[in-house]
Each structure stands twice: as structure tokens, then as C-alpha cells.
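First chain A sits with chain B, and in the next complex the same chain sits with chain C.
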Partner chain A sequence: MLSEEHVKGETALSGRASARLTAPDVRTEFGLETLDMNMGPQHPAMHGLLRLVLELDGETVVRCDPIMGYLHRCQEKIAENRMYPAVIPLTDRLDYFANMHMEHGYVLAVEDMLDVEIPPRAEAIRVLMCELMRIASHTPSIGFLMLELGAFTPILYSFRERERIQTIFEAVTGARMMFHYIRLGGVKADLPPDIPEKIWEYIEDLESNFQRDFVDLIEGNEIFIARTRGVGRITPEKALEMGLTGPPLRCTGVDMDLRRDYPYSWYPNVDFDVITDEGGDVEASYRVRIKEILQSIRIIKQVLENLPEGEVMADMGRRIRPAEGEGFGRVESPRGEFAVHVVSDGSDTPYRVHYRDPSFVNMQLLQEIIPGHYLPDIMPIMGLIDPVSGGWDK
Partner chain B sequence: MKGMSVTLGHLFKKKITRQYPEYKRDLPERSRGMLTVDMDRCIACLQCMRVCPDHCISITQEKRDVDGSGKPKPYAIGFVIDDSRCMYCSLCVEVCPVNCIYHTEEFEAQAYNRLELARQFGERPVDPTVDPKPPVKKKKPAAGGAKGGDKAVKDEADGDEAPKKAPRRKKDSAA
Partner chain C sequence: MLEILNQEPIRFILAFGATIFLVLNLAAILTMAERKVAGYIQMRYGPNRVGPRGLLQPAADVFKLFTKENLAPTKADLWTFLIAPIAMFLPAALVWIVIPFAPGAVIADLNVAIVFFLAITSISSLGIIMAGYGSRSNFSLLGALRGAAQIVSYEVPMILSLLGVIMLTGSLSLVDMVSNQAGGFWNWHFISQFPMFLVFYIAGLAEVQRVPFDLAEGESEIVGGFQIEYSGMTWGLIQAAEFAAMGVISAVAATVFLGGWQPPLPFLDLGQFNFIWLGLKVSLIIFTFQLIRWSLPRFRMDQLMDLGWKILVPICVAWIFVTAAAMLVF
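Entry: the complex of A and B
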């Protein structure tokens, strides 16, 4: 049954309050009955394995408890038993929609302890790959959002884009998803000679299709606007309080991007805008993602134009054994800030590895903003956060 | 209606999907498929076995005078790659000093039984269920626990060097 504070508390009903809940005479006359319902873990529209325990009043959600852990693989504990380079293929399995960013975050943390000089070409290739990965992650997230709203076409177009990027990745790294490409001290191998041209070709194709397939098709649609405008609205204060990062934070108008604010790797050498939006709802997060893809294209072009020559791997020796201490690295993944904290005890396996995953942190938002919304609004809100199962469960 | 025009436009374009089992795309040069070993070149240095994070390579070593020089050298009499464990990270390929272990273009592995996925390369089969590497021994920090001062961690680091080299082959008589 619904407790008193759920009914009266303003925070619990930040969205559209149900008339039955707020009108006391209705409650006294008929009594208040709520229905508990499980959504997931195997739900066709759910992002990965997530169970939401919902308390429903009619079609309005009163309480939402996300229950995680269905994909927990003890990533942090396994990393403690592996040598430093052997953890990189595991980080690929964290956020499987943005593998490059996960590798980059871990590698930055270990290099922080090692104090090595990364060759500029390696840094540029890392940024190139990460930005391609961002496009390959943002386009499906737009596709999923539209799929949840009932539009089937965008997901086909977004996976077409992702597929082409994966083909590029396969030629560069040897695998389509689990790349194991960014290594301690550089990258695994230089770009194959024909790849810069292929990337260039792809980027131009994407640019010419982009307006038609992702913007015109979606943006002005009445159904899209009706289902997303004002849904899942967050204030900037709330967003900062919840520790949000990435597009969910930037869509509320908070101007924060690690690539610009705490520049790492090759980002100081490229010019790009940090996209913000004032809406703070699902529609605003869609606009932020669309514009970020265009910024990624801009970054890729700049990197390709000024790709430095030289080595792609620093000389590190085979056995990596950082001195006792701690290393910290963070990257702006498509979902937000991905940070890694590595503690070394001087041996060749890490003493402790901790991942701060944006999906996990942004998921806190569910409890806060879903109450008060209608049941079908849950899925667009998931599209706003866009969590990945491998990320939140680690 | 605008959406429909986009859809119609795509109707007349080249198809982007392929009929997979009939049509197979050429794999790029760096593609990481299933591993294979050239046993003639293998010098049984066991580096691939040690570096493998998933413990999927298991080698039985024997001293044998292969080249007739009178000096017996290590020889891999048993070599198994367990594809049910392999995650295609390519660490073993990078570490091999004679390039005898390498990726093929095969990627379609299927079997009714997990043990069928363990592919034997040597003369004598190796039991793939025996873990070739003992778990990495890691000393617990002294009584102080996780927060115990730096000293405890340091002592541990010094003492740790010897066992770190330990992952040696397990004498498996199972074969």
C-alpha cells in the first residue's frame, strides 16, 4: 500500500501528479489501491537486463525501484587477479556500446601511474577512434528511443551507421566490438594505409544523409513531440545533485564536458563546441545527441587533417609493473563521465580497480523522475538516460 | 508524410543487408578469428600459456632432442586451445617469439559439447579441463586490513616478486 509520504511528498511526484492521488475526497471515498508490477528483467523494450518494481495508481507510476545486478560479472574483482595489460580486453565488456572509451579510461588511469610519454600519433588515433565510437553509440541510442516510441525506421538507419563504423573498426583493430586496441603506451597498431580515406568517405556519407535520416525524419514529428516534450523533465540543480554527467546533464543546460574542462589525450588540439540545451526533457536529450554527432564529425575531420606522423607505441618493456601508488583517469564516454581508479601495490596485477560508470550513476534518476509519470513514459525516460547493462552492472 | 518520402527514397537504393550464410564478406587482414598453432615452429616457451588471461591454452612440455644436436630442448608434446574459454584478445599472438600461434579467418565455432571446442594440436592430447595456471597468489594485507598502512602493502610487494613468476606448467598426468 501507498504510504502517506508518497502521497503528500512533493519530491515523490515531481512529474504529472495523478488526480486520484492528490484529491483527498476520492481517496477517502474509494480508498487508494495501488498495484505492484514488475517491469523486466526480460522486457522487450528494456535496455539490457533491468528490473523495475513499479507501484501503479491507475496508469500513473507512484514508485519506481530499479533493481540491478542481472549482468554482474565481478569485473573489478577479476581485474585484481590479472596483469595490467590483460585487464584491457575486460574493459571492453563494460559498456559494450562504447568499448573504446572504456579502454581509454582504464589505459589513462594506468598511464597516470607509469608516467610515460605517449606518442602524438597514438593520441590522435585514440581520439579518432573514440569519436567514431561516439557516433556509433549515439546513433543507436536515438534509434532505441524512437523504437520505444513506436517508430521502427530510425533504428534501421542508426544500425546502418553503426555497422559501417564497425566495419572500419574491424579493419583497424581486428574485431567488431571487443577491440582490445588502445594499449598501455599507445595503440596496438597503426591505421592501415587505406583507412583514413575510408573514414573520410564514411564521414561525408554520414553528413549527407544525416539531415534526412535523423533530423527531418524525427524532429518535427507530432507524435515524437507529444511523447517527449516535457517528459522526464529535470532541473539543472537536480541534475547536479544526482551526479549526472553526459547528455542527461547537458540537456538541462549545465555546460560541462570533460573533453573541454579536463582535457586529456589529443582533445586540447581540436576545436569543438560543447552542446547544451535548455529543455531538460527527453526531447532535449535527443537534440543534444544529434548535435554531438555533428561535433564528433567535426573532431574527426580535424584529426584526420592533422594526423601526426611517427610511432604509435611508447617503449614500455614487456612487464608492466607500476610503482606503488594510485592512478586515476577519466574520459567523456557517450553516456557521461567514465572514471577509473587503479591502486597499485608494486606487483604486476592491480591491487584494486574501481570503475565509475555513467550508466550506473545516471540510473539514480529513475527513482527520482519516474514517479508521477504515466507508465508508457518510462521507456522514453530510459532513452533519455540511455544506460547500458554491461555498464551499470560491471 | 515527410517521413514516408524518406522511406520511399531508400526503396531504390542499394541494399545494405547481406544474406549471411550464403554470402560471406571478406574479412580484413587484421581480423581475429580462431587461433591455430604451427607445431613445427613451436619452441614450447610457454609464454602464450602464461600471458593468456582466460587460461585457455594448455601445453605439456617434454625435453626432446629434435634437431639431433645431442642437446634436448623443450618440446611441446601436447598443445590444446580451448575455444570455449578464448576471448580472442590476441595477447598470445603478440607475445609469441616465433609467430607460431596466430589467428585464422575462421569464426564459426559450434559444438554439442563444450569439450569438443578444445582443439588439440600436439601428439598427445591434453586435458583441457585442468587449469594450466594456478590462481595468482596474492597475499592478504597484514592484519590491518585494507586500510593498513603503506608499510604492510610494501612488504607484500617485496615478497610478491617470487610467486609472481610462478605460473608454471602443471604436471598433468591426465593425458
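Entry: the complex of A and C
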């Protein structure tokens, strides 16, 4: 049933004002009730396994409770029973659209506890891989947004890009998705000799058809603008209050990017812009993602031009036993801040591992802004946050 | 012997049987065409394994659908649930009997063919409501409500968009409309009635529930809408109904606005084989439907209503006045 203030007509819905509830007198006269509906966990637009319990008044959503946990795999607990290097393949399974960033975050946290010098070439390769991963994650994000709006074709264009990047990853790491490539002390292996050239080729191809396939096809469409402008609007204060990071935060105009503000790895040596937008709605988040892809291309070019020579792995010894203490590492994953907190008790397994996943934190937004929107607006809002099931459920 | 075939009830039954056969085949061909067009838009080949160049794919699909079990939800209103696909399919098939295929080749030359077409296509919204209500599922119900609201709203611009041609022809018969457009493509109604043609095209898209107006289906939000609980051949019939409806709307658009079976230039007249021209025009319209289907996102319900009532209806009313004034002057 509707809560007290809804019945009185003094709607406290935080979402868009244009959506209207049935007037209270009409509701009383016809004995109208709201409809409770389960969306998910098996639902094509729920980015994995998410269940939304919705209360609908006609097409308007009155209440939205996200229920998660359908893909929980006890990642943090399992990590306590495995030796430090053996946790890395598990982190691949966290956010399966940004595996490199997950590895990188964990590795940074453990290296924080160890006194180890990472070879510069390894750092550069890590950044190279992470930025390729960002392209491979942002392009499908845009594709999913369009798929959820009902346009089927852009997803295939974006997966073409992801596929080509995966081919590069396969040549470098030996795997298409679960890489286990960024290791404690460096990376698993040096780049194969022909790979820099292949990445150049790929980047040039992407640049040549980027405008056509991802900007003109999508942004030039009136229906896309009508469906996304003003939908899911958040204020910067609200975004900061809820701890949003990544594109959902930057699309509100807050200028924050870990790569620039808390530089790690090879990022101090490259030059790039942090993209922000003023809209704070779905359209703005789309524009932020589009421009971030172009910035990633810029970073990749700089890394490839000045790729340092040398080793790719520091000498770590056979067993890794950090001294008693804590390590913390954070990276800017495509979805926001991914942070790892590792506590060591001096043994060769972590005492405690905690992942702060951006999908999980950004999902708070759903409960906050969906009420007041129409039912079909839920899908673009999911596209704004773009959570990944493996991320929010760990 | 052949004389008997031309006697009235037998001729009608035979012709109607042939029409149903044509409609079912058309649906099969259209599924194939749809998938091929989608394939080429999306940088892939589409079905190309079954038969030569994949042409037998529809046959394989239908065979698969027939072997599947028809499941119904436990709480479904079984009769409503099972009759709904038929209620959707039959109207789409029935309209074909008033379409003139070639000079003299029309199953029933009704003098109120346009009214017949409008009345019959409205029945398909009943099928959608039956499917949504009979399934007893929230998603189905939402889809059905959307579909019904949409079809009822878009009937209005569709009827209004036909009025201009009716005024020009002075008749409600499709045969008269075709003969009124004789003598080359500059006589076709879409030139003098261009805004009406666009409105009819858009309203037709909405009427057959295709992207960007497929709100009743809405596969990314309500996962198929009214058809979510259907399986096997009942689902196949709903699909066939959608494709058949697309064929009907295209055929009516071609007949009313693009000259029907009239050749584009007088010397291209093929006599009884003029149905080829109708086929080409219908194919062209369906092809544009398919291009739209695979490139555009979907409208939202309120935007759909805005478009229908605030843009399409005023355009129609304005153009009716323009047409009337022009008829008065010339």
C-alpha cells in the first residue's frame, strides 16, 4: 500500500517531478490499489542477478527495493584461506567487465605491505592493460544502455570493440577474460613483440569509426535524447552524500578521479583530462563514458610511445609473507573507486580482505531516485550506474 | 468443372483459403527477411545454415515450434489464453480480402473497404488484452494495458490520415482508390497527401507494435509483455500475427498512397501481372519498417501519447482543411 504522505497527495517522491501519481480522490473513488511487482532476479535488463521489488501506480514507480545476493560467492572469506598470490585469480571474478582493475587493486593493496620496487616497465604495462580494459568496459556499457532503451544494434557494435580488445588480451595474457596477469611485483610476462603494433592498429581503427558508431548513431537520435535527458537526475551533493564514484559521480559535475587525485602506478607519467558533465542524468553519464574512452585512447598512446625497457617482475622470493599490518590499495575502475583493504597477521594467507566495490556502492542510487520515475525509466537508470553482478555480490 | 470453382460461395472459400495460405507464407518469409536485414545491419550474416543460403530456416523454426509443448500458467484463464493468438491472427489475415492485387483481382470488392480495414484491425487490440489478462501475470497485464491504450490512441490519427484520400477519391472502396491513381507515379496520392502518408506510416508502425512503438512487447523492461507466458505454436501464432499485420499495413499503405498495383510509369503496365508492382511496393515499405526496427530505441508511454495526440492528430486535421480548400479552388 501507499505510505501516508503518498495517500495525502503530498508526494515525497525524490525522482522526477513530471511523473504523476493517480490523484488521491480518484484512488479512493475507484478503490485503486498499487501493484507490487518483482523485477528480476532473472530479468534481461538487471545486469546479472538483481531483484527489484517495485510498487507501481499505473506506470509510475512508487517504491523500489533492490535485493541483492543472488550471485554471492564469499570472495572475501575464500581469500582468507588462500596464499597471497592465489587470491589474484579470484579477484578476476569480482567485476567481470573490468578484471584488470580488480587484479590491480588487490595487487596494490598487498604491495603496500611489502617493501618492493616495481619495475617501471611492469607499471607501464599495467596501466596499458587497465586502459584497454576501460575501453572494453565502457563500450559495452553504452551498448547495454541502448539495448535497455530498446535499440538492439549498438550492443553488437560495442561488442565488436570488446572482442578485438579481448583478442589482444588473449595474446598478452593467454586468457580472454580471467587473465591472472597482474601479479605481486609486476606482471606475469612481458608483452609479445608484435603486440604494441597491434594495439596501435586497433586504436587507430577505433578512432576512425568511433564518431560514426558510438556518437552519431546514438547521440544523433531524438528518441535517445527524449528517453535519457532529465531521467535519473542527481545533484552533486546527493551524489557525494551517497558515496558515488566513477561516471555516475562525474556526470553530476564533481571533479574527482583517483588516477589524477591519488595517482598510482604509471599514471603520474601520463597526461589526461578528467571528464565531467553538468547534467547529472543518464544522457550526461553517456557523454562522460564516451569522452573517457577518448581519454583512454590518449593514455594508451602515451604509454606506447614511452614504454620503458627492462624487467617486468620484481624479485619477490618464493613465499610472500608480509609483516603484521594493513595494506590498502585503490584504483579507478570503469565503474568508480575499487578499493581493497588487506590485513596481515604475518602468515602467508591474508587475515582479512575487504573489497569496496563501486557497483555495490553506486547501487544505493536505485532506491533513492527510481521512485517517481516511470517503469521504463528504470532501465536507463540501470545504464547510468551500470553495475556488474559479480561486483555488487562479491 | 472449372465453372463450379467460379460460383460465388466456392470462389470465396477458395480465395480465402489461398489468402490464409499466402498470409502464413508471408509471415514465414518476413521472419526470414527480418533476420537477414538484422544480420546485415549488425555486421553478421543472419541465418545461413538450413537449406540453400539459409532459405529453409523458417521451415525449421516452425517445425521446432510445433514440437514444443504449449505451456499455460496454472492460474491462467485457459480459454482466453488460448483464443488470444487466434484473435490476433485472424484480423490480420482477413484484411487481405479487400486488397486489390491486380485489375479485377480482388476477393471482395467492398464499397466500404476502408471502414472494413479499420474495423477489423481494431480487433487485434482485443487479442492483446485477452492475452495479457488470460496469462494472469503482472508483466503480461502491463504489456496488455500499454498495447490496448496505444492501439486505441493511434486509431485516431490513422483514420484521420485516410480522410484526405477518401475526399479526393469520393469513395471508400480500395478498388476506386487504385483506379483514381492511374497514369504514372505523379498521380499517386502520396504526392498530394504527403503529410498524411507520413502520419499513416507512423500510425501504422504503432498499430503493428513495431520499434519504436513496441511498448506492449518492451523486451527490455517487461520482457515480452503480453506474450511472456506463451510457448510453442501459440507463441508462433502471435509472431505470425505480428508479421501478417505488418504485411497488411504495408499493403494498405501501398494501395491507398502508392498506387496499389498501378505501375509507376504507364508503359510498364503488365496487365494481370501488375500484382508484381504491389509486391514491390509492399516489400519496400516492409524493408523500411525493418531498417527502423533495428536502428531506433523505444518510446516511453507518455512520449508515445504526446506524439499521437499532440503532433499527429493536429497535422491530420490541418491537412484535411488544406485538401478541402484545394478541392474547392481547383
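In the analysis below, the second predicted complex is superposed on the first by the 370 of 394 C-alpha atoms of A that agree within 3 Å, B and C clash if a C-alpha of one lies under 4 Å from a C-alpha of the other, contacts with A are read in each partner's own complex, and residues count from 1 in each chain.
To be clear about the criterion, contacts are C-beta pairs under 8 Å (C-beta built on N, C-alpha and C of every residue); 3 or more make two chains touch, one makes a residue touch a chain.
Everything numeric here is computed off the predicted structure, so don't read it as measured data.
When the two complexes are overlaid on their common chain A, residue A:Asn221 makes contact with chain B and with chain C alike.
When the two complexes are overlaid on their common chain A, residue A:Gly69 makes contact with neither chain B nor chain C. Of the two partner chains placed by superposition, only chain B is touched by A:Ala175; chain C is not.
In the superposition on chain A, A:Gly346 contacts chain B only, with no contact to chain C. In the superposition on chain A, A:Thr153 makes contact with both chain B and chain C.
Using the contact criterion defined above for the overlaid structures, shared-chain residue A:Leu375 touches chain C, although it does not reach chain B.
In the superposed pair of complexes, A:Gly310 makes contact with neither chain B nor chain C. On chain A, the patch touched by chain B and the patch touched by chain C overlap at residues 153, 160, 217, 221. The touching residues of chain B, when paired with chain A in their complex, are 2-3, 6-7, 9, 16, 27-32, 51, 53, 87-91, 95, 103, 135-136, 138, 150, 153-154, 156-158, 160-161, 164. Looking at the complex, you find that chain A touches chain B at residues 80-83, 85-86, 88-90, 153, 160, 163, 170-175, 178, 180, 189, 192, 212-213, 216-217, 220-221, 318, 324, 345-349, 351. Listing the residues of chain A that touch chain C in their complex gives 35, 37-38, 43-45, 56, 59, 146-153, 156-157, 160, 217, 221, 223-224, 226-227, 374-379. Chain C makes touch with chain A in their complex at residues 38, 41-44, 138-139, 142, 146, 211-212, 214-215, 218-223, 294-303.
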